[in-house]
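The structure's right below; bear with me while I get my questions together.
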Amino acid sequence: MNNDTLIPYIGVVTDIRQDTPDVKTFRVVSPDGGKVFEHMPGQCAMLSIPGVGEAMFSITSSPTNKEFMEFSIKKCGCLTTWLHAMDVGQQITIRGPYGNAFPVETDLKGKDLLFIAGGIGLAPLRSVINYVRDNRANYGDVQVIYGSRSKDDLVDYQEIIDEWMADPNIEVNLTIDNPQEGWDGHVGFVPNYVKELNPSTSKTVLVCGPPIMIKFTLAGLKELGFTETQVYTTMELRMKCGVGKCGRCNIGNKYVCKDGPVFRFDQLGELPDEY
Amino acid sequence: MLKISLDKLDKLFEAISASQTLYIPVDREDGAAEYKKYESGMKLSSALNTLRSAKDFFFPQTENLVDFKMEGKNIEVIDVREESEDFVIFGVRACDARSFTILDKVFLAEPVDSYYKNRRDHGTVVTMACARPAETCFCGTFGIDAAAPEGDAACYSDGESLFIEAHNEKGQKFIDSISSLLEEGDTAKLEAVRAKTREILKKLPLAHLTTDNFGGDKLNEYFNSDKWGELSESCLGCGTCTFVCPTCQCYDIKDFNTGHGIKRYRCWDSCMYSDFTKMAHGNPRLTQLERFRQRFMHKLVYFPANNNGEFGCVGCGRCLSKCPISMNIVKVMKALEVK
Amino acid sequence: MQVNENKEFQPLIVAFCCNWCSYAGADLSGTNRLNYPSNVKIIRVPCSCRVNPMFILRAFQRGADGVILCGCHPGDCHYTSGNYFTRRRMTLLFSMLDFLGIERDRTRVEWVSAAEGAKFAATMNEFTEAVKKLGPNRRLEDLRCRKQ
Amino acid sequence: MQEAMINRAKQLLADGAVNRVIGWKRGEFAYDITPAVFETAEELEKEFVYDDFTAANVSKYLVKESKKEGKILAFLKPCDTYSFNQLTKEHRVVRENVYIVGIPGGPKLDAEKIKAKGITGILGVKNENYTLKIDTVYGEEIMPFYEAILDKCATCKSKKHVVYDELMGEEGDVLDSNRFDMVEKLENMTAQERFDFWRDQLSKCIRCNACRNVCPACTCEKCVFDNPNSGVENKAPADSFEENMFHIIRAFHVAGRCTDCGECSRVCPQNIPLHLLNRKFIKDINSLYGEYQAGEDTTSRAPLNDYKQDDCEASIVHERGVE
Amino acid sequence: MQRIGVFVCHCGTNIAATVDVKSVAEALGHEPGVVISQDYQYMCSESGQNLVKNAIKEHNLTGVVVCSCSPRMHENTFRKAAAAAGLNPYLVEIANIREQCSWIHKDIASATEKAIILGKAAVAKVHLNAPLTAGESPVAKRALVIGGGIAGIQTALDIAEAGFEVDIVEKNPTIGGKMAQIDKTFPTLDCAACILTPKMVEASQNEKITIHSFSEVTDVKGFVGNFTVTIKKKARFVDETKCTGCGLCTEKCPMKKVPNEFNMGLDNRTAIYIPFAQAVPKVATIDPNFCMMMKTGKCGVCSKVCSVGAIDYKQEDRFIEQKYGAIVVATGFNPIKLDKYDEFAYNQCPDVVTSLELERLMNAAGPNGGTLLRPSDKTHPHKIVFVQCVGSRCDDSKGKPYCSKICCMYTAKHAMLIREKYPDTEVYVFYIDVRTPGKNFDEFYRRAVEQYNVHYIKGMVGKVTPRSDGKIDVQASDLLANEQLHIDADMVVLAAAIEPDKTARPLATMLTTQMDTNDFFTEAHPKLRPVESATAGIFLSGACQGPKDIPETVAQASAAAAKAIGLLVKDSITCNPCVAHSDELMCNGCSSCEKVCPYGAITYIDKEFKMPDRTIAVRRVASVNPAVCQGCGACTVACPSGAMDLNGFSNNQIMAEVDAICK
């Protein structure tokens, strides 16, 4: 019988990195080494510990990484608590890739890109940013605006400092919500920072973060003259099958797991307000 | 058309079940009909339809997907799939026959659901035309002719004989396997019976219900309708409608720890359940109104939007007679309809 | 269920014992070296009234062949009234299991005081024998949990 | 009756004594009645119905409705008043927010019973001197009224309203019912026969939760079977054990609280006689701990929350009946 | 991921002889989450404990399983060891592989297998253990004693002696109780008043003791260490602070025909009265039912004669509220009413009296100044019949099923005293059997029979009939001689059963303590905790718990005081952390749990909740007071939604054990 997407592969956790107090990044490879499967930036995978639970996570590593996949996971439920407690060498089950991806090879190609992320929202965008960095010639200006509650809550801070900020080809703007010792960067909420920075409306925007941040950022962008067709985001909904059959992530005629999770805001506008 | 005398039905069933598993609707003690694996002596039910729909044959209420063995940090994945045996479902009504087409659109769409396909490939659907439709029937609304059911092969009765014809290769193979019992018959009387059935279908109370005003383009006007509150207010949030429905296919995937391994299985789920969309950090459908709306919007708007106007309902009427509070798709359609 | 070399059926017995009387009674039968079969596995609960019918069904689901509940004698409950509630709950539960055709001898309530080590051992011997006679629990087991 | 009820409801609405009415709304056919809340005289005029098919017990809706602003008028049949009282006792309804009009009860009709006679294509049902004249697309059919009544009405326990603010019609009495006959019959079977009986019945269960969701005693904020942390969460009967588990525990959770309103069996799409489980508990409670009718009052102690020092021992189960 | 350590004890050869401890340690080492699994000779020894402590530190353990003897033996030892190593003590579980395994099984293979399963169950449970912290709750340093009889007085004196404030609430105008009415005490025959009144005075003079006489408890809130009690000080229409107890008012009061309850109604008192000469407090009280001033507004004599102006006809009931750490119930007893005993003619004939009435008749301060005279004609009785067990040990609904315990002895006392003082009087005692356990009791009884020639007749009195000549015909059967007797008695004395005071039942409800069917308070444990109620902080003193004689009452009163003092010396009480708790989001507020809680630990509150649909709803939810809950778990099963769970024995923990055992 053919492989069925509901039957998962085995992945081995080879590295666990404590990113923030409640976010860890897990490196997953196939038991034989190498990646379990290929994906495009923005796509997701179903991770599970049998008997504990299964959930969808966006793949935070770039497809250009040929050795492993990474997942940045915030501790919030039963499964994530378990994942946070495990040690290196633990096997997990993994299936995917699921969902659409950011249109990095089509609509985004050649465009100036503005990434706006808040908190754990950087996770799905990190995949795109690194993909873009690795295919730098295909894109115009790249700007990243990233904020979090505090310095400690910035996911992948080390990579941001060591690689992104060191990369002359991209502009990185960091902010934290409240002043903090040892932080001489910008202080303030992401939506306000975006307005302050007043990015050019020629840019295509990829935004991800908590719903309230997205709401105000979008409003701010509109004030600045951006249109909904310029802004992409990625959604999170309860999913079970990952292939648009189980019905759980159905909104209007879309299935987030299959038709999403990446949507342009004008597409989202056509959907019923149920997310 | 080929036929067999109705009093030789036993022989027909014996012949079919000799080569493969046969399921026929039989009467239960409580008067309701249900599909049973044929055993000698069983009588075909004369009821209009089975209490449960026929979807169970291809999409059972629970099914084991995969097993895991956990040992230290290691996980072993055990593929539990087995090639299905060949089987025949006999006596499927037109509405249920159409439901398979609808389920196919979900489960056979890429990526194909191998569990469903496995059974679909091995199952032959032999339908049976209706003769005495009930007041709850409204298959006509969805373009289904109860007197001419779809399926791999179809049967019709004129009161004396059972006529049988193939609709496809699988159906033909089925007829070939029993051809020794069949003889060519005159369909004149049958045509009269079918004409009469169609007359009755026109007289049914729901005969005039149409889908003209529903479909994929009606999303916003129906989604935002102010009728949902009133319609859903007495909904108990149970799963009866979903589970008796031949087209509802939402499912959940769960793990069961047997003590010596994990069984991952899927089971029917209902969008009417309060925890259907519940996540660790919230629920986008908080009230029964939203959950109730989802079920009907899906059948009447979302499904047609993705499937060339085909609706997610076949008018079998099960939900009409089984809903504990008698709220159903017909009432919803009538209340919502914007001309 | 366990099967040893002699192929004699060895039932699995789960015994819920209240901390204050029956568990102490079980300890006493140990102190006095009064044998009872190793089929019996004890779970300590503060009071017999802590035992939820769900625990009993759970044990049967997972492969127990008999479940026995032991508590202080009526009137002697450490918490004054716990075992009176237990008595009503278990009477009704067992009656319901009986109503569903589950063998009566698979369930039992016995009052064993902290001083009744002998009674504890005798009860366990008796109960294990009774369950052994019934054979494996088939009517209230979960096939998925059956050991291959 | 229906006219009188509509008039009384309109009057109470007009007086401002209540601002909503819970009752029943007519459907597409003669029998598909839906419980509904009415807010205006017009709605009442147009859609309120009370006839031989208005069997649904509306008291459970009052858990939610009585917590809303204002007062709601509830028409309660005798059996419904027991449910309501029990809910009051358990603090699940706000008694002050409900104006109860006691109305005469059944026997109510069961459309399934009519259909089971082979009568189909039903267009209308008329009760003429306890003979049902059923108009169908296939012509008129006749059947005796009492052959079509709901099982729960056939074993009615009481025609008395145990709580009301006003009464329409005359007050009835607690009946000497034969409701335990079937339980007794099962008790007199052998264990194997009982096991086979229940296996046959419970294997039909599709876990639609209709029995639970309609049950006025099942008003938990979160049912253990829906709660992933309860350890017994279960959505579908993957094994015969789970069919048993759900129904045993559900019956146990409502034991001593179930008023025997019979809604569970009425709504079961698979016609499982679930009420027998509840009645078994009721019968046991009556015989072992003294007669007790849940919902009869709002103050008595539920039998499972009570005890006597000389209660029988659990071994009584082993000592009585046939094996 | 859990990091669990497993420690398997050999217990010398106690375990190791029948359980292969090495394989147990080996097998449990493979269980999920187990990072270290060791065996050792004596795990409870200092070095064994160090093994555990070191492993906790070294492996940063999140849970410890010790496979050893019964947890009843060493659970605390290992909990303390864990705590010493910085691990929450409630993350330790014991698998009992000695008493419940090695000591009862002989076959090594099956004992080892069972030990492994028990170990697995403990590992499965410890996975779900949560760190628990025992809560603390402050203790109000004041005790309340309800009832001012000898029990209450003794308890109050003992508590005061230990240095704590005590309040006595007495419903009558004076403390003293039943003992004050008694003439002499058995078996020493010393005068009751002589030994009681000094104690009464001591109580009134002790500055730690406050006496609220003529007062009642009307409300009790709170829990152990923290009770808030409302006391009603009934209006006595005399200002307590001014009244000197001179008694002039009682002499001058014109209303002199009030039945005197202190003398059992055998004589009269005035409307303003002091119950007896040694009353404490010695303060007058006006009986408003008889006072002319109160009834008609005409009189006011007492007010006129009172030199200190203490009379206040307008006085009203006052309520005071006070916080207490402990409450001692000492509500005492009363003889039952004999209205139903027509066969003894108690209501028909004044010369048929109860034993307590006889006490008054014989008392020097009684109606006859100590001379025993018949109440009817004030003549000297020559033949007295005592009837035992009137209402005691009865099967029928008229009486009490229990033995009243004191009657045999006081009857012997009465008989003896009468025979001593009036040797010409014949005394008959009809009994079922004579019960005289107690120091010097049987000797006392035998003296009555042998020395004083009291006629003890085993038999029942069938009928008592007053005759027109003033004699009383007593029909009885002598069971030993097997003959019917007729005695023409002058007096008949009935040993009426005693029963708890009527105020006890409503009080028990207020205190959420339990009572038996006879309305005696139920002790927390019949053998081991006889002076505590099941409700923490409520203690039982004297006959409210069961029939008692004076020495027993005083002993129990001191025991109750000791228990109360044990509580009051603490600044705060450590609560058992293994208590029930309710998940408010799942709680239905149905009150089932409250109904089965023996401690009244569950209350209901209306609480605002943000509902998932963003509305605010007020819901009734259960709230467990962890200071009161004892952790039995009755509520967890009564709760259908599973909102109620028990720390340390949660649903999931027990189910994990079941799963592990059945695996």
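Residue numbering begins at 1 within each chain, and the chains themselves are lettered A, B, C, D and E in the order written.
In this text, a residue touches a chain if its C-beta (ideal position, glycine included) is under 8 Å from a C-beta of that chain, and two chains touch if they have at least 3 such contacts.
Heads up on the chains, UniProt names are C = Coenzyme F420-reducing hydrogenase, delta subunit.
Nothing here was measured: the structure is a model prediction, and the numbers come from that model.
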What is the touch distance from subunit A to subunit B, in steps? 1
Shortest contact path, subunit C to subunit D, counted in steps: 1
Of all chains, the one whose CA centroid lies most distant from that of subunit C is A
Chain pair with the higher count of C-beta pairs in contact (B-D, B-C): B-D
Based on CA centres, what chain would you say lies at the far end from subunit B? E
The distance between the C-alpha centres of subunit D and subunit E, rounded to whole Å, is 46
Whole-Å distance, C-alpha centre of subunit A to that of subunit E, is 67
Compute the distance, rounded to whole Å, between the mean C-alpha positions of subunit C and subunit E. 35
Multi-chain contacts in subunit C, i.e. residues touching at least two other chains, fall at 53-54, 58, 62-63, 75, 81, 85, 89, 142, 144-145
Of all the residues in subunit E, which ones touch at least 2 other chains? 596, 638, 651, 655, 659, 662-663
List, in ascending order, every residue of subunit A touching at least 2 other chains. 78, 87
Pairs of chains in contact here are A-B, A-E, B-C, B-D, B-E, C-D, C-E, D-E
Residues of subunit D touching subunit B in their complex? 27-29, 31-37, 56, 61, 111-112, 115-116, 120-123, 136-138, 204, 206-210, 212-214, 226, 235-238, 263, 266-267, 269-271
Over in the complex, which subunit E residues touch subunit B? Could you list them? 30, 32, 612-614, 659, 662-663
Going by the contact rule set out above, which residues of subunit C touch subunit B in the complex? 62-63, 142, 144-145, 147-148
Subunit E residues touching subunit C in their complex are 70-72, 96, 98-101, 103-107, 110-111, 113-114, 117-118, 121, 514, 522, 524-526, 534, 578, 596, 598, 630-634, 636-638, 646, 649, 651, 654-655, 657-659, 661-663
Spell out the part of subunit E that touches subunit D in their complex, as residue ranges. 517, 585-592, 595-596, 604, 617, 620, 638, 640-643, 651-652, 655
